[in-house]
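Have a look at the structure below before the remarks.
Chain IDs A, B and C follow the sequence of writing; residue 1 opens each chain.
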Amino acid sequence: MLHRLRFIPGRLVQSIPVAIGVTIIVFFMARLLPGNPALALLGQHATKASVAALSKQLGLDQPLWQQYLIFLGRLFQGNLGTSITYQMPVTQELAQAIPVTLSLLGLALLLSLVISIPLAALAAFRPGGARDLGVRGFTLLGQGMPQFWLGIMLILLLAVGVRAFPVGGYGETAGDHFYYLFLPALTLGITMCPTIIRSLRSSMINVLESEYVGTAKSKGSYGAALFRGHVLRNAAIPTVSVIGVNLGFLVGGSLVIEKVFALPGLGSMMINAIFTRDFPTIQGVTLFVAFFVVVVGILTDVVYTILDPRVDLSSKERA
Amino acid sequence: METPLLSVKSLTIGIRRPKGSDTIIVDDLSFDIQQGERFGIVGESGSGKSLTLRAIADLLPKGVKVLSGSILYNGAELVGMPTAQRRKLMGPEIAMIFQEPMTALNPVIRVGDQIAEGPRRYLGLSKKAAMELAIEMMAKTGIPDPARRARAYPHELSGGLRQRIMIAMALSCGPKLLLCDEPTTALDVTVQHQVLKVLEELCDDSGAALAFVTHDLAVVNQTCSDLAVMYAGHIIEAGRVKDVFSDPRHPYTKGLLDSAPDFDQPDRDLVPIPGFPPNLAARTAGCAFAPRCAFAVDACTVAIPPTLEVAPGHKAACIESERIFEGILA
Amino acid sequence: MTTPTAALVAYKQKRRLTRSRSIKPWYRNGSLMAGIIIVGLLVLVAVLAPVLAPYNPITQNLEDAIQSPSPAHWLGTDQFGRDVLSRLIWGAQVDLRVGFLAVFIPFVIGSTLGAIAGYFGGWLDTILMRIVDTFFAFPFYVMVIVLVFVFGSGESSIYIAIATVSWVSYARIVRGEVLIAKKQDYVVAARLGGMSHARILVRHIGPNVLSQAIIYAMSDIVMDIMAIVTLGYLGLGIAPPTAEWGSMINDGQQFITTQWQLATIPGLVVVVTSLGLSWLGDGLSDLLSPERRK
């Protein structure tokens, strides 16, 4: 097992160019804004003196590549600037918002799997059958729904109609948090389902046609035992990478969903920052999200390797 | 005579078409396997031999169904048996070994665990005890260092070792009937020989009967006591292996024997059978082998020839059998 | 909900599926026909909006604010007394226009760069693909929202933002297809026969590869419409008072307890639109897949 994880250091090195690329893109975003970047970072109400001071600190009179190095240097010190709206370090703001968004993502992924696995199995056991068509209809509809709209519809049904869940907010205690997170996570989870179901369904069909499922049946493994022992794990392997690739999408979606349900996570932080033109905060969230996606990519490879003993990423060249 | 262990009666397998005629792949097949008997089913690919075996194991591919006939195991009807009952048979009563051990083993589960799965379910063994049994079974199949190999994944083992794992797995619950679908075809010739020997020894020890499907006459000669030769979904000749080999009574069997290399007579010329196996969709009346048969007469294309007893325990389905083979012998 | 990566995966699975499908004439292709009918009707409604819409979509009429559906206003009115049906009809014009137009720039840029990277390979390919990887690190919505902020609001910055984000998907698809195509015997033969690179790309590789990019573009349109609607909902899209489905949902959300149809119906229209486009894409991929033509 361990020897197959030797690829991790190499994989980390490989992601350095991407990480640098991310910082370059984020750096230039500030430069694309009209006017003085220092002004953008301080907000419209900054005094002349503070703009001048920050301009000097950012080296705005220096060549662009030196400004970028200054930016990188500050980044390495964990300095993402100061939020204009809240006058506190962006890192501190992030520290408050990240747990909310990560819990939302985690719960959403969990709910998505809870919904997708049985549906995919239902569809895969008889491809082309009535259940398969039903599941296909569900995925088609799921694909066509704007996430935020689905969120509103769930609020309408489950929070306004049945009053089973709160309309929005985050609550005070950990139990509260779970209760408040459930509906947004369900929304996000459902929108993730079509992708997972499609991937799981097609890999389950492949697995069910494979000879080793025949072997398992010849050992008396039928029904649920067969599914748990020989189908799910094998079918999960390709789906893991699909989920990994799509987690970035889940992050993007969580930003919008947080807005719908008034959750104090990264999404609300970013969208509020956009309305208050709080550029350092926007920059901070963007950077964090992009790095998160890169890290998830590496984690996906690790999980993939653990699940599939045949995979040895260290020995083959990655395209 | 006691009831046979397995009795296949008028088994017909095919693809059901909503309108028009069904495609028939195996037609009106009957044979018996006694306790501890070793029964070979020989034929070219497409003759329906593997499907017959899969029908017994309830592993027919999607769309292919048993259209009529019956399969009795110890007197119990397997055709249409409910899954709940059927699963109790698979493993402790009937087990199966497949042609390609690489695809027949689950690639993501350690081989020891795959062997232990059956014993845990049927013998009620603990995880540890089942693993010990698995390692013991591996040792019996001649796998060196079984305790270490039990922790390996299928792709880490050679083809021969993988097939030994399959044998260990199939025999782990002490089945009374072992179905083998070309178990040595994917292996090197030298390995083939070893694996067959292991299979024979273990079946001798446990008293399991063997249903052995192959296209390789030499393998049947080495392993089996009785055989049936299949062509285009029919059994065209059946009997004791030694009788059929020394005195074939169907031109197709004769052709097979002439076209196969013989270790005892390495210098003998090999005579291929002309033509190709028939297209099942375009079935003609009469003997399916007639278009390729050097001895065919007009009567051969009129009706499917009846199976006749040509000698005690030796049957053949050829209306010209007497003329052809008496003539050759004379 | 479609995303670049989700769409990419779906696209790949679709490609695999189409291999096994039987060949049918185009008019017998159910999903293609369903797609053509739905999308055709929507386009017709959008084009004929001035004729079809019973009211002006923008003029406020505060006396009639927040009315339930009635013979005068089939779908009721919003908080400014504007007829919801008229706003939906005019919204089709905006949302479909932006959805269809936003696809073109990334299609051209992405396909070109992807073709060049795939065909010539080497360091050019490596660098381009690293850039593509970098862009993929930014989730679609994050990037679009930030870029719309950076470029300022308005339709043109939506086009720029979407183009900046979604060219990478085309680049990946086209590069992959070119890598397959350039190994084909007829391409190798053309090269040995002295045909120029440009000519080979245009004559031999282009047609095959482009059909795949077009199939992807169909799901990309769905994604772009989602993006516009989402931006509209967040208040970052087409500026009010222009009728737009996303901002209509946003307006309706505050009346969710009393007039639920205000937020529900524009969303349903989006669902129907994307369903139509998905079917159209499915049908097109049946029609255009090279496996089919063989």
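What we mean here is this: contacts are C-beta pairs under 8 Å (C-beta built on N, C-alpha and C of every residue); 3 or more make two chains touch, one makes a residue touch a chain.
Just so you know, these numbers come straight off a predicted model, no measurement behind them.
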Interface with the most contact pairs, given as the two chains involved:
A-C
From chain A, the most remote chain by mean C-alpha position:
B
Taking each chain's centre as its mean C-alpha position, how far apart are chain A and chain B in Å?
53
If you average the CA atoms of chain A and of chain C, how far apart do the two points sit, in angstrom?
22
Measure off the straight-line distance from the CA centroid of chain B to the CA centroid of chain C, and report it in whole Å.
56
The residues of chain C that touch chain A in their complex are 1-6, 8-10, 13, 16-17, 130-131, 133-143, 145-147, 149-152, 222, 226, 229-230, 233-236, 246, 249, 253, 256-257, 260, 263-264, 267, 270-275, 278
Give the list of chain B residues in touch with chain A in this complex.
54, 57-59, 62, 83, 86-92, 94-96, 98, 100, 103-109, 117-118, 121-122, 153, 155, 166, 169-170, 173, 179
Please name which positions on chain A make contact with chain C in the complex.
17-18, 21-22, 25, 29, 32-34, 140-150, 152-153, 155-156, 160, 191, 194-195, 198-199, 202, 242, 245-246, 248-249, 251-253, 255-256, 259, 270-271, 274-275, 282, 285-286, 289-291, 293-294
Which positions of chain A touch chain B when the two form their complex?
209-212, 214-223, 225, 229-230, 233-234, 237, 307-310
